[in-house]
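The block underneath contains the structure these notes are about, expressed in structure tokens.
By letter and in written order, the chains are A, B, C and D; residue numbering begins at 1 in each of them.
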Amino acid sequence: MFDSSTITLIFPWIILGFGIMATMLASSVRIETRLPAKLLTIFTLVLVMITSAKLFNLDTTITINGFIEVSHLSCMTLFFISAISLIFVVGSGGYLEKEKLHISDFYNLVLLMVLGASVLVSAKDLFVMFIALEVMSLPAYALVGFRRNDSRSNEAALKYFILGGALGAVYLLGASFIFGASGSTQLSQIFEWSKIHNGDVLLFLVGHILVLFAFLFKAAAAPFHFWKPDVYEGSPVAVTGLMATVITTAAFVVLVRLFHMVDFQSQSFVPYLESLKQLIRVVAVLSLVVGSTIMILQKNLKRLLAYSAINHTGYILLGLLGTMSKPEQIYSVWFYLAGYAVISCGLFLLLSQSETRNDQGLELVDLTGLMKRNPLVTALASIFFLSMAGMPFTVGFFTKYTVFMSSIASGEVVFVIIAAICTVIGAYGYLRPVALMVMRDPDPTAAEFNGTKSNQALIIMLAVLCLVLGVFPQALIQLTKGMELIP
Amino acid sequence: MENSQQLTALLIWPMLGSILAWFIPKASQRIYSLFISIVQFALVIYVAYPVITQTGQGLEQTLPWLSDLGIQLSLKLDSTSVWFVLLSGFVSFVVLGMKGQWYRRNTRLFSSMAFFLIFSINAAFLSSNLIVFYLSYEAVFIPMILMVGIWGSSTKANSVFRFFLMSFFGSILMLVSIFYLSYLYFLKTGIFSANLNDLLKLSNENSPAMLWCFAGFFLAFAIKVPLFPFHGWLKEVYVNAPAPATIWMSAILSKLGVYGFIRFVGPLFPEAILSAQGILLALAAFSVIYAAFLAIQAKDPKALLSYSSISHLGFVMLGVFSMGASAKTSAIVLSVSHGLTSLVLFYLYDLIVKRKEDVSLEAYSGLAKKFPILFVCLFIGVLASVSLPGTFNFVGEFLVLIHAYPVSALCTILAGIGVIFGAVYMLKFYQKLGFGVSSDAQVAEVAEDISGFDLIVIVLILALIIYFGFQPSLFLGGMTNV
Amino acid sequence: MNEPWMMLIVACTVFLIGLMGVIFRKNLLIVLMSVELMLNAVNLSFVTFSKLHNSLEGHISVLFVMTVAAAESAVGLGLVIALFRTLKTADSDQIQILRD
Amino acid sequence: MNLLLIVLFPFFGFMINGFMQLRSLKTGHKISSKQSGSIATFAMVLSFITAIYYFIQFSGQQEDGRLIEQNLFSWIKLGAFHVDFSLRLDSLSLLFTMIITGVGSLIHLYSIGYMKEDETPAKYFSYLNLFCFMMLNLVLGATMPHIFLGWEGVGLASYLLIGYWNQDTAKVGAGQKAFVMNRIGDLGFLIAMFIAYKYVGSLDLVDLQKATLSPKIASVVGLLVFFACTGKSAQIPLFTWLPDAMAGPTPVSALIHAATMVTSGIYLLTRISPLLLQAPDVLSVIAMVGVTTAFVSAVIACAQKDIKKILAYSTVSQLGFMFLACGVGAFDAGVFHVMTHAFFKALMFLGAGSVIHALHEEQNIFKMGGLSRKLPITTFTFVMGWAAILGLPPFSGFFSKDEIIIQSLHSQYGNQILFIMALASALLTAFYMTRLLVLVFFSPSRMEKETEEHAHESPLVMTLPLIALAILSLVGGFMHHSEGGHEEGQSIMIASVVVALIGAAFAFFRYRKFDKEEMTNQFVEKGLGIDVFYNKFFGNGVPLLAKGLSKWIEEYFIQNSMKFCTWMVEFSGSVLKSFQVGSMQVYLLMMVVFGLAFMIWILESVMQGVIFYGK
């Protein structure tokens, strides 16, 4: 049971644990010991990436004690999450320095969050999921409120915390109902139960729906999205970026697992499949509409991106909708998440370079006439914004392409049309900042963008990645196609 | 169909030009862009030559690009697309040779975007895979928006947005239609494909779904062309855009819509078109007259030219919707001739504007005396625009109308009335600019008559317009076997 | 067999009380307490189901939940204190700077 | 000899003069009227000589051998549709060619003198040659589209020449009016071609002449072609552009608006006469329109004061006679009148030009008078023209006009109404022409002193064409062997001469001693309100309609619907945004409410096994 091969399988988490301990030690020695903490974090994350990469193309799915799954899917996500975190850790040093937040605790919390997220994506037990969710969320709350002297940051953290806590309790209640109905908290056993179960499923359904709500909340799908704009606006940019990428990815992996928790072939769950699809349709359309229409009214850039995230959630849900009847289309969700993460990584890092005159955060008007003053940043930002809008030859196009294709393939034409219209509305929202940057004359009160060379290089790499994936997305698609969902 | 490797060159070369433009010093950008575009045009001629001469033969090339997504990079140059590709090659060369004030600002970006535009236009005209077509069709927006936005005149942001949003709205619905078509194909055969050749197998189906798909396509192209109720974006954009962008839009991008109708909509949805033919023809004919009326009341000469563009494209659409090989060929001829004519008119109008200090519109008068050669050229352009016999436009318009007449006499006559109004507004345009008493104050002091590159190119185009007015067999002969 | 369902009703009631507390109480500390109440209500339901299924899983879960709840309240209190320092209030109605 | 030469000479003249003009603009070197004019005239003369060559060739041949066809190249060929670019010469087109090149040469010659003081004579002569080139294309073209090429081409040249002095926007406006009104007619031409192609399958004139169509189709085609002719040949309803076209230089009026271009309608009708004969209804329409035009414009001419306007309305009236001839099936008579009219009307226009030239651009006949002594040659030749148009024997007009009047009664398609109206028109013609003649040349002088002193006879280069045309006006009538001469014909002939003499005598006695300006009826002088009506109705109506469309449809409907879309999106955004109140407790409440709603909905649908959507 505890043999050497298992150790290899859980290596990434062990490394993460050691990393957390090390950074904790470093910060307990002196809180200003940034460099060692940063180096330790980078080292840890690189190691995690290496170890998880070694586990790629695992041809079998190994479940440890029914709690944790080690599969191609989990390893890929783990690798991906740690890579994104690594980019943020490397890229946000300047920002933290500027905001005077640069203490080793930051790295400690980031690593904790990564640990939580990485366990979350591999969790095969409702309870493990809860623990992992909390391990991910608690550092996230702290990170959102990292600017301790800024009331906005505090407010955002508190809102996030209270709502997250309440929804965590909702999740637990749902989990307990599922446990009550099926007699187990392990997903595989629940799946087996659903296969043979014949009879009343009310308790299970209530539990399942509650559980879904909790993670729809984490993924910020309308109407569970209210926290997102406020939290995005209040939190430090680097943290917003982490939330937009790491937490969203983890939440969606869990959502996919939860949606596919039961065997819909089973007699007692056949009508439920249709109802669930209906739920996803409604939530997806709501997210699309809410995200796109409110986005075009925003003045604050981070808020705009929050609504854009809600909009993107809608697209991903559309892809998910396709998988409900055609599970092999699941790759569209993964691909979308990956593409979206690349774009938002770049965009948030870019925003973290800005220096505004006031501390209201970066307003849209702060971008006025940026092209004349800083063409590089303008070009990069335009690439990211156009990517978000789904313009051709950027990764954003193919992400949308795959989810549309997946839902068309399951016959959801009407919803694809709605999504298409929302894409147009959203495109307007993304084009506004581009137009401001490109078409206006510079405004003396507008924001400055100063980044270190390494930082710039990182963002340029991400932008190039956006474009390369926009022309040759095959590699990524091949990888994501391997990420099959095993109940 | 011959398999050919040359077609990718038409894509690679402008893309290369677009990338390399960033490494060329500002001072030599014009030479650079001229060089790239001349080579590009030469390439187009080289590739297109066998297609033009061997009637009915085309070139084909298929590269596996994203086969797992149902996307193949299949390029096809046949007698339909060859004229559009040639036209775009020629127009791009002329546009990049123009001397203009927009070169002073963001020079590198301009050349880069220009070649990216050429790249996407070529890709759109060449691709016979609908997804690739959509991709390039959509990619055209990016340089276009930037051009209008950065180098355009004031009050541009709104017009750009309107242009972008309307076009994007149409084209994304087309994308959904494409998806749905390939889904239908999937249901039929079990393979996902967006290749035109595959999807054509669906064309004889007459189901509501096909009608909806047709609607998606129609909307996209009708906005692009534009047809009557979908033209709202056009005027502001044309007026505000810098001359190269205006020329590109009216000479080439509108042809993207026409091409889309001819290449995709016609073959894919013959049933749908036939069932809606009356409405479609009426829309086209109404576009002609409606835009002519708008042109009559337009105060701004550039707005007048923009409306005239809509009006002439109405004729093209009349030909397209008449269905049948001859009508289609006529529509292509008219498209090419309209491309050349609008190139001349917008080009010369830009030269005139540049020669005036005062840009206010009432201030035009009596310039013909100041710039006689320029105005002689403009006059021939105006004559071509009113499609006087002996010009290329006449051939196109005459053929379109004579082939539309048996289909719908009423619409043809309606569109014919547009011919009269065409004379009214074009003469008004010319008279306003050229005739009357000139006052020296309006003219910039250094202003000279047209000369150099401008003169050579314009005379060349006008010569072509007149030559093809008498010898259009090049266009007609190659296309009879379509 | 009636007994477990009764317990479940109790659990749900407590959960709802907690939820109401979170929604309607204005003092942040009471809101925090209400969250704890919700978690404890879930504990009750876990124990009930554990008994129903004769399995230990639910009992173990309770322990975990309590631990997590403790951690959560630590973080929560920290956040409330930080907010109190900047805004000088613990009234939930006062924290509405971020909106629209 | 090559048929192409006839066409090419004027074309080369056009090119040479055009290039010279452009060069002179560049270099600033001025080209004299003599230089450019002699090139242009030489081109025309060469063309005329070529035409004479063919005339000689034709006269040696039988009637049916008089046909030369020359296929130049294939013009438009698309599928079944095929049009060649070929020239075809038969007796009809030869006659027109000779008129065009012959009268054209004389007018070119005249122009050298007339345009002596002009700034850009090369431009003028290049336009003039362009006109001749296009006109020759019109009469020599073998297919309908080829004729259409010439048809539109002469319209273009006419536009350019009417607005020749383009500094004056009113003159440009007159040119524009001519072009647009011609284009209205051209639409008829186009549609006629479409219909003809649909039912005949070819646009070659030979095929059209041979074709037998159903009466309905033949009527439609005939009517449409006739409509085109009313545009070009200034008949009711499209005649109002011709008086305005007098804004151009006088030789232009002589060549284009009297002798050649305006008669192309007759040419076209004669060309498709087999088709028209299949549709008698159309013929009667043509006859009615022709005679009405003749009468109405003769009435208007009586009230004109401008010498060129009188001649213009007179031209319209004479064209009406020609259409009357066509309408009663006497196409020969119509064509004959085209020729004689070309001689005497060109003569009168040139004479008027000579007068205007002498009086420094004075055109009001009430400010002239007694010019017979100052301008003896002009007077003499003008009297010849006068006699011709009145139809006094043995002048040319006598033969052609009386032929028409006879035919209007005696032809298969003729009737009394046509005859009486034609006779009335002849009476009016005699009246206003005599009025013109007397007021200008014979009545007491009403000129200002200074003008009178400067008045002098024109130079030889201008009088020579006058003399030549006067001779032609005298002998032109004998070039045609009339088939008339039967009993009734002779009485009608006498009647018409008597009528003309009555009209002339009346005018002579009325205006002999006239020394003040006549108070004419304004309504009549303004063209019976037809032009005013057109201006009001179309001139204002079209811009008004355009404004209305742009305001109501473009602005209110199209632009506003786009604005509405954006507004709707923004509105729904702001409504949705209003949920974002900022209080986390409200957020939670909303989530609970939505969550409960979802929960109940899902559970209900599952419990009932209802599937809402999809399937």
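Criterion: a residue touches a chain if its C-beta (ideal position, glycine included) is under 8 Å from a C-beta of that chain, and two chains touch if they have at least 3 such contacts.
Please read these numbers as outputs of a predicted model, since none were measured by experiment.
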Pair with more cross-chain C-beta pairs in contact, given A-D and A-C
A-C
Chain ID, smallest distance between chain and overall C-alpha centroids:
B
Per the C-alpha means, the centres of chain B and chain C lie apart by a whole-Å value of 65
For chain A and chain D, let me know how many angstrom lie between their CA-based centres, rounded off.
77
So the centre of each chain is just the mean of its C-alpha atoms; given that, what is the distance between chain A and chain C in Å?
26
Chain B-chain D separation of Cα centroids, rounded to whole Å:
36
Would you mind listing the residues of chain B that make contact with two or more other chains?
165
Which chain D residues sit where two or more other chains touch them?
577, 580, 582, 584, 588
Would you give the residues of chain A that are in contact with at least 2 other chains, written as numbers and ranges?
158-159, 162, 166, 170, 229-230, 411
Each pair of chains that touch: what are they?
A-B, A-C, A-D, B-D, C-D
Chain D - residues contacting chain A, complex
569-570, 572-574, 576-577, 579-580, 582, 584, 587-588, 590-591, 594-595, 598-599, 602-603, 605-607, 609-614
So, in the complex, the side of chain C touching chain D is made of residues 19, 22-24, 31, 92-93, 95-100
Chain D partner, complex, touching residues on chain A are 158-159, 162-163, 166-167, 170, 201-202, 205-206, 209-210, 213, 217, 223-224, 226-227, 229-230, 271-272, 274-279, 281-282, 289-290, 293-297, 411, 425
Tell me, which parts of chain B touch chain D in their complex?
162, 165-166, 229, 231-233, 290, 293-294, 296-297, 325-326, 329-330, 366, 368-369, 372-373, 376, 383, 388-390, 395, 398-399, 401-403, 405-406, 409, 412-413, 416-417, 419-421, 423-424, 427-428, 431, 434-437, 449, 470-473, 476-477, 479-480
Going by the contact rule set out above, which residues of chain B touch chain A in the complex?
66, 68-70, 106, 131, 134-136, 138-139, 141-142, 145-146, 149-150, 156-157, 160-161, 164-165, 168-169, 172-173, 175-176, 179-180, 183, 186, 192
